[in-house]
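First chain A sits with chain B, and in the next complex the same chain sits with chain C.
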Partner chain A sequence: VLTAARMASGMQEKQYTPSLLNFFVYNPTFGQKEGEEEKKILFYHPSDVEKNEKIRNVGLCEAIVQFTRTFCPTKPAKSLHTQKNRQFFFEPEDNFWIVMVVRNPMIEKPNKDGKPPTVEYQEEEIIDTVYGAVVKQCYSMYKLFNGTFGRQMEAGGVELLIQKLEKFFYRYLQTLHLQSCDLLDVFGGISFFPLDKMTYLKIQSFVNRVEESLSLIKYTAFLYNDQLIWSGLEQDDMRILYKYLTTSLFPRHSEPELAGRDSPLRPEVAGNLLHYGRFLTGPTNLKDPEAKFRFPKIFVSTEDGYEELHLIVYKAMSAAACFMISASVELTRDFCEQLDGLVGPQLTLLASDICEQFTVNRRISGPEKEPQFKFIYFNHMNLAEKSTIHMRKTASVCLTSVHPDLMKILGDINCDFARVDEDEEIIVKAMTDYWVVGKKSDQRELYVILNQKNANLIEVNEEVKRLCATQFNNIFFLD
Partner chain B sequence: MSEDREERPLDREERPPDREEHYLDREEHYLDREEHYLELCENPVQFENASSVNNVFFDEANKQVFAVRSGGATGVVVKGPDDKSSVAFRMDDRGEVKCIKFSIGNKILAVQRTLKSVVLPDKRSLKQLKSQSINVNWYQFCPETAVLLLSTTVQGNVLQPFAFKVRAGSGTMSKMSKFEIELPVVPKPAKLSLSERDIAMATIYGQMFVMYLKHHSRTNSPTAEVVLYHLPREGVCKKTHVLKLNTTGKFALNIVDNLVVVHHQSSQTSLIFDIKLKEPDCAVNTHQPVLPARSIHPYRIPLAGPAVVPSQPPIPCQLYSSSWSVFQPDIIISASEGYLWYLQVKLPPTVNLLQDKGKLMDFLLRRRECKMVILSVCSQSGEKGRLPIVATVFDKLNQVYKEYLEAEQSYTAAVESGPSRGSAAPKRPVRTQAVVDQSDMYTHVLSPFTERKGVSHKFIIAVLMEYIRSLNQFQITVQHFLYELVIKTLVQHGRFYMLHQFLQYHVLSDSKPLACLLLSLESTYAPAHQLSLDMLKRLSTANDEIVEVLLSKQQVLGALRFIRSVGGHDNVSSRKFLDAARQTGDQMLFYTVFRSFQQRNQRLRGSPGFNPGEHCEEHVVHFKQLFGDQALIKPSTV
Partner chain C sequence: KVQLRTATYIRYKANSECQNNVSSPTLDKETEDAATDNDRSDSGEFVVTMLAKAKLEEQGIGVKGRSSPLLEVGTQETPAFISHRDEDVTAESWRQHRKHVFVLSEAGKPIYSRYGSEEALSSTMGVMMALVSFVQSGDNIIRSEHIVVFLQKGPLVLVCVSSSRQTEQQLRGELLYVYYQIISMLTQASISRIFEHKKNYDLRRLLAGSEKILDGLLNLLDSDPSFLLAAVHCLPLACSLRDSLSQILQKAITPNLVFSILIARNQLLTIVQEKTVIEDARLEPADVHLLLNLIGASSAFQAGEIWTPICLPLFNPDCYFYAYISYLDPPECTVCLLLLSTDKEAFYAVAECKRKIEEAMMAQNSLSLIAKVQSYSVSQVGVSDLRHFMYKPFDVPDNYRHEEEKMRLLDLYRYMHNRIHSTSRPLKLIYHVAERETLLAWVTSKFELYTCFSPLVTKACAITAITKLLRWIKKEEDRLFIRYPPKYSTTPNPSKSSRGGKSDQQDSTDNGFLSLL
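Take a look at the complex of A and B:
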């Protein structure tokens, strides 16, 4: 992928960002007989690769994993660095391996005299933890919509599993934007919407009432502005559902809204109540006699395994409520109409309440309190994540406002933190005169980028203290 | 049943009790016993029943019943509202007694034997203080408010009230503005059309009202109604409320607990009206009965005295008898049986009769003895109610609770600021039973509810959160025990993530006890530790606790850095830190901490040594053992 072309010493260089070369899923216990090696492969991307090459690549991975196991039986290799690419190995379930091969970023320098250009691979630009996290995310997302590999094997044998993998990853891999993966993928955090107690309690009350009236609903999640406010799901399930909602479902639906194409204010005939509620999953128009009442199904963990649920996502203005209902129940037009009639007006009201509250708070806190810092904050305990570096996510890309070099430094500091349990602080002066500060206190991590060319170490330290005092004064964060 | 106020003996009619009918009656009543929301008091005033030789009189002002035997010659027995005020005496029989009364405090007795003269047996004289000349059809006097109402004009429907003020030695009488009662039909030619029986005076919610029982007329209103005229001390009397009776016949009125009770004789039932209860379906101030018509709870006359035969059951008393006399506000007298009862409202049956729980709460919150009934309504709605109903009930309770708290607060403020000139001393707000506070709710409703079997924990938590939401909505500070209950319930059902989210949004407000509770949860839910520390930090008064927590986690450097950052380094106990540092077994850590305190000592006292009071001797020895004497900061290095 060509993303940047820059002039350097009079010659035009082409820079290539990291890209996906291969992605495959295999199980070494399948097709163990000579000549049946292909049976090990459950999914292979790109699919047009010649069969023998597939078998060779899978075999190589198998060998590497086996080989490294001799050194540490419990922790086989996680990645393999080569000049041209980097491979990531992940065994999410016993004997099921997912392998992702990423081509290293590279610079292509044209040569004189019509010689082919020289390619320079930037082997050190890729961070293991970032792409390792991406592979895990791929699996989690698959599992969210399909359940475990093992479940499919039980349900329909290897044929079903292959079919499901094909169906899921064919589309999912197209949405992977490896060039914009960074520290946030490592965290896989959740952005929470800041809210006052009273409005929060109102939302609680709303959720409880809806769950009581429509007793089919087992779990509810509530979001505003793509940020989470309430989750009835457990943390790990919410984490991946949140990822799906904010990087896939919401962006897909916000674009027509932004374009002003559908103005979904609907006059309700019966109660004569106006509301903005609509289904983001399931039927697009309830009034349509042909409407289908099919919703995506998701799998979440329970005390003893997994349960399958319908995922109803219903949105009114910026407020979105996800209702989850056991998949064993068939959802009918009646139910959807009931939900629409009950939730639509209430959610519209709540959305405007929250919006009002939000603007009031904005006004109180004032623009001067807006941070001049660029920072990323993450709390491992509640997965809360906050970034002033990242722009709003869209379906296609996740934009950052800082140079990739700085993002790389953040990733490196994070790797350092991961190695020890102790609280730490790392201050780095980047080549570009930026200061990068990483702090770890208990389960929290904070990364700050300061653009103060002439500041010294002490001043930078003071500056970060100040930031903590204003931005994080309500949490215990050691200086 | 009559509402006769003529100064004549109460009904002396002896009726043969119709046993058969009574028996049936009673059976029927027992079937729906739960529905009787009115009852006669258990301890009626008992007197000798009216007969040919015994005349009975009632004085509304003193609430005394006079039983006059043989014109007083064989004795007069006076019974007041309580046993102590009973008086007995004799007087000469000088003819039929038309009326007999005591003055306040039983000081002066007045007897009326002829139409136009009153005898004061003690031969005292009366003095005319003031006179007014008006043509009067009839009059009524309300002892509670000391207001006299005169019926004037030919039709009798122009009422002229007078207010009396009695002070020691003197009194005043002032004319209030007169008003006209709207008659259903204007008779032609004009004749007296407003009967004394159809007018009663009462105090409802602290306001004086003239109640007019407006009978149906063929032309306009098909059923009877009670029209209330508000009679302010100053200003104009206005028609303010219309109570729809939806039937016709003979009625009598009582006021009980600020409710207007309308007895209907032919159906032997009563209705109650609450003028503060707004009717959404009716025009302003038109009221329908709060509850469906029910009879007064069956009453049995206890057989007292030595003649009582144990096997003989008490005799059922005929309710709504035509010999009953009804007096304001809440008195019913049966002269023929010799009883004076106070009418009472029984609240428990109303709970099932009033389906609209919001309306029920409005109704109950204005009643005197409401607390236990309200709490039982809360428990019930917790059991089988729906959340919106539960929410309405909580909101209504907390509205009253908040009003009380505010009154209390401004009272305290007024008391603290001392007496101010020109304003009366602050009055402590009265805490009525309608004030249901958090501990009432906790003890009687919420805590038992969380332990109830067969209720989903989801619903329990929803109810608890709804209560907390309601308290917050009324800006009432939530008390710790409620948070504790929420946490206990969540922990019991393993809903830690839910708890985490509540804390994240500060739904459970910060406090030291809460932080400590969270700390205790750490072993079952690790993030509780962080939540607790955050809370202690926000409290900003819990720095010592934070240090303790960190030290207990062997985070000695963290504790040291923290206490420095909040400026408490100079005052902390060095021994505590050294103990903790030594316990970690980390020698370098011990070295660092030890040296840091030596530096502190140097800075504070000019010498690195520890004071004897700090009890650090053993740590000094330990330090020397580990690192040698030379590692100590020497005093000379200043």
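Take a look at the complex of A and C:
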């Protein structure tokens, strides 16, 4: 929370990044009688807050929502800005509200003579769309592993819902790193792995073969190196599953793979030298008949509601395959062994094929020490995102190679684009003389940052044209 | 003169009337205080005068059949000022208004509402007050389809609910203007005092009849970009004409006269100020806007001469000036003379100044010269691709004559202004290609410029156009802007006026954003 201090004429300023103050879930239709207000609160973080304060805070949210309904009944409050913090309101299901309170970033400037330091709040640093997207993502992630609130209520009433909320959010909130949220959170996109046709076909036929042999499998997804290649799931489901895989599951299991061959960290390949495949979810050691295992259950949407599925994630080297099977089926050890035997060798082979192709391509296109252009690209239609600005993005760290203020300018431009449906182009010159170009064309957005202080508008335009011609095949047509 | 005498008469009469109409002990105390406390005598008298006039109207006694300066009779209203007081606040149409503004006291008592009557909205206002007190003190906003901005200034709470897509900073600035307009009628000191004395005082009693002024201000804020740019719109005059008018004003002075202002068609012709006391301080654009609104809000000012107390909030929020207001060209009433004095008894002396000014202007045929002046248009600039520009001040081209389009264009400028002047990530330049137009905004240490082109313009074209425009502006600078208000001295040995001092609006280091905030 506390980042490096800034030296200013001998006195140190402390910069505090945005942090989570509160997160709660409530339903105003529960506990409407006097004295029963506590029943409205389904989850509240931090839990050690006094009961009356919780009730008061929830009551305030209710009042704000009601108040804004006076002016627009269908679209009530989204956020509340105060000097010290920002509150986000989200109603994912009828009458169920999720509220997140973020403390604004601030600077603490020390005062002379033992006076308490002055605190300067930086309200403008928080962009509503970014954190609004984070709240939505929190709900989507909960829904992925627990289904909707409504479904929980049906299955086990309020008590079950409260239990599930507690169990999920207690852990999930600890993984939120609000200081590194930015435009990419607004997109919630998926990074696709660029492949040549041949290799793509190989993967497709692999998926078909496995699905045919193991008829229990309903959906499959195929990833390589944190990037998606193929998915049989609906877009919205895949995007949240992708987030889970790349920010939670894969990082947890990546260390052993990166370790050297003789390292004790390397998992027991369990005497199976035929392939490098292993389960990331489910049985960690197939050889041990006593070991119990369980697959995580996820909920995906169907035409008429939801279905619950086992999530099997199986990895070989850098390739990962996800298999989803109806939760009503019990998955036995035998089944796992069958899958292991079938998928292991094929996936290992595929993984090395892809790796080879990848290296070959790199050799052709030349090593990219520092990408020539700093840009972010997102396609709303297939959720494809690409960023040469973010160097490593996991749940805990997001290194960007540009100043955070520039990222916020991108956020502003994205907000501007969202106001209208039509194609637009916005070019701005920041105070630091960096140029930022945003293009929106036909459901695609592109943001380019140019560090060319002495360039003028025409020159900047030409540079971006060049980028579009090479990387984007002239998708963007504006002058 | 006749009016003033009548006003004085009314004042005396009203004091006794008020005392006769006492209904509660607290009311008694108030009027007594108002009448006897010398310190407060200004606001007390002002208050009573207004109330009294209203009262007399009710009884059918008018001042020569005309309504008081700050109240309006139905038939004389222009469509723009149709009162929304009686709107049904539960109707969909009420909700559809682009921007609601509410003013209430800390105790939750309603003071003003732009649409709908305060009575009908008292419960909504109660909720607003509750929100203000629950949420931490300071300036808060709620974002939904609308933005709700709360602003607390002293004992007053102002709330704006807007779907206009303006930013919170811009809306806060507008609420501040509303606050200042209220101050301009009552002064900040007296408002503080009143509420200190009585927390649940109903301020509407002092503001009765002034809803029109606030309505007018809000309409102007919506449609006039000079508020956004914190600049005063000047009528472009040939240097010689402006100088001659300034000289006329400089010569017609009297002790305690501090500002002399000539306005034509709501644009500034010239402004001159007293130099010893005022020195280099100048009237902030916001004060000028408030003055212009006050004058324009009521066509009753067109009657003869008005002498009224007025506070200039940015200049000094705690005291009154006394404003002499008179149109020089009845019945068209396009040219208005405004003389501000610090002496409330100086009506006759100041009226004498006006007579001198009128004579001199007649001799120079100024009025007809002024009538001939045209506001500049884009075509004069001679740049074919340029549709519209705003260069502190600005111009209005044909494309955007229609009200809605004007509003849309102004909204676009407002959005760019906000991005450029962002406190955390300001910008130097924005080039925005949209479906219906291309916009370019540019701020340097010397100026800020907002331009609008056809959507198909190329970047090269736009840049050429801007260059030509800037060259034209430089050439016409003297005609378009007032840099230095000429000065005079009202001390016993008045010396010749001297030039110098800060410019009125074309401040070379001014980046736009505000003395208003």
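Keep in mind that, in the parts below, the second predicted complex is superposed on the first by the 449 of 479 C-alpha atoms of A that agree within 3 Å, B and C clash if a C-alpha of one lies under 4 Å from a C-alpha of the other, contacts with A are read in each partner's own complex, and residues count from 1 in each chain.
Just so we're on the same page, contacts are C-beta pairs under 8 Å (C-beta built on N, C-alpha and C of every residue); 3 or more make two chains touch, one makes a residue touch a chain.
These numbers come from a predicted model, not from an experiment.
**Student:** Specify the outcome, clash or fit, for chain B and chain C once both structures are aligned onto chain A.
**Tutor:** Partners fit side by side after overlay.
**Student:** Could you say whether A:E211 touches chain B, chain C, both of them, or neither, answering first, second, both or neither?
**Tutor:** First partner only.
**Student:** Could you look at A:A63 and tell me whether it touches chain B, chain C, both or neither (first, second, both, neither)?
**Tutor:** The answer is second: A:A63 touches chain C but not chain B.
**Student:** Considering only C-alpha centres, what angle arises at chain A between the directions to chain B and chain C, nearest 10 degrees?
**Tutor:** About 130 degrees, rounded to the nearest 10.
**Student:** Which of the two partners, first being chain B and second being chain C, lies in contact with A:L457: first, second, both, or neither?
**Tutor:** second
**Student:** Looking at the overlay, what does A:V428 touch: chain B (first), chain C (second), both, or neither?
**Tutor:** second
**Student:** So in the superposed three-chain picture, is A:Q122 touching just chain B, just chain C, both, or none of them (first/second/both/neither)?
**Tutor:** So A:Q122 only meets chain C here.
**Student:** In the superposed arrangement, does chain B or chain C reach more residues of chain A?
**Tutor:** Counted on chain A, the partner with more touching residues turns out to be C.
**Student:** Which value, in Å, gives the least CA distance between chain B and chain C in the superposed three-chain arrangement?
**Tutor:** Here the least C-alpha separation of chain B and chain C stands at 7 Å.
**Student:** Which chain A residues are contacted by chain C in one complex and by chain B in the other?
**Tutor:** Chain A residues touching both partners: 423, 478-479.
**Student:** Touching residues of chain A toward chain C in the complex: what are they?
**Tutor:** Listed in rising order, the residues are 56, 60, 63-64, 66-68, 70-84, 122, 124-125, 128, 405, 408-409, 412, 416, 419-420, 422-431, 433, 456-458, 461, 478-479.
**Student:** For chain B, which residues count as touching chain A in their complex?
**Tutor:** 386-388, 391, 458-459, 462, 465-466, 468-469, 472-473, 497-498, 500-501, 504-507, 526-527, 530-531, 533-534, 536-538, 546, 558, 561-562, 565
**Student:** Could you list, by residue number, the parts of chain A that touch chain B in their complex?
**Tutor:** Against chain B, chain A makes touches at 192, 195, 197-198, 200-202, 204-205, 208-209, 211-213, 229-232, 234-235, 379, 381-382, 384, 423, 442-443, 474-476, 478-479.
**Student:** With touch defined as at the start, can you tell me which chain C residues reach chain A in the complex?
**Tutor:** Per the touch definition, chain C meets chain A at residues 95, 100, 124, 127-128, 130-131, 134-136, 138-146, 148, 161, 163, 165, 168, 415, 419, 422-435, 458-460, 462-463.
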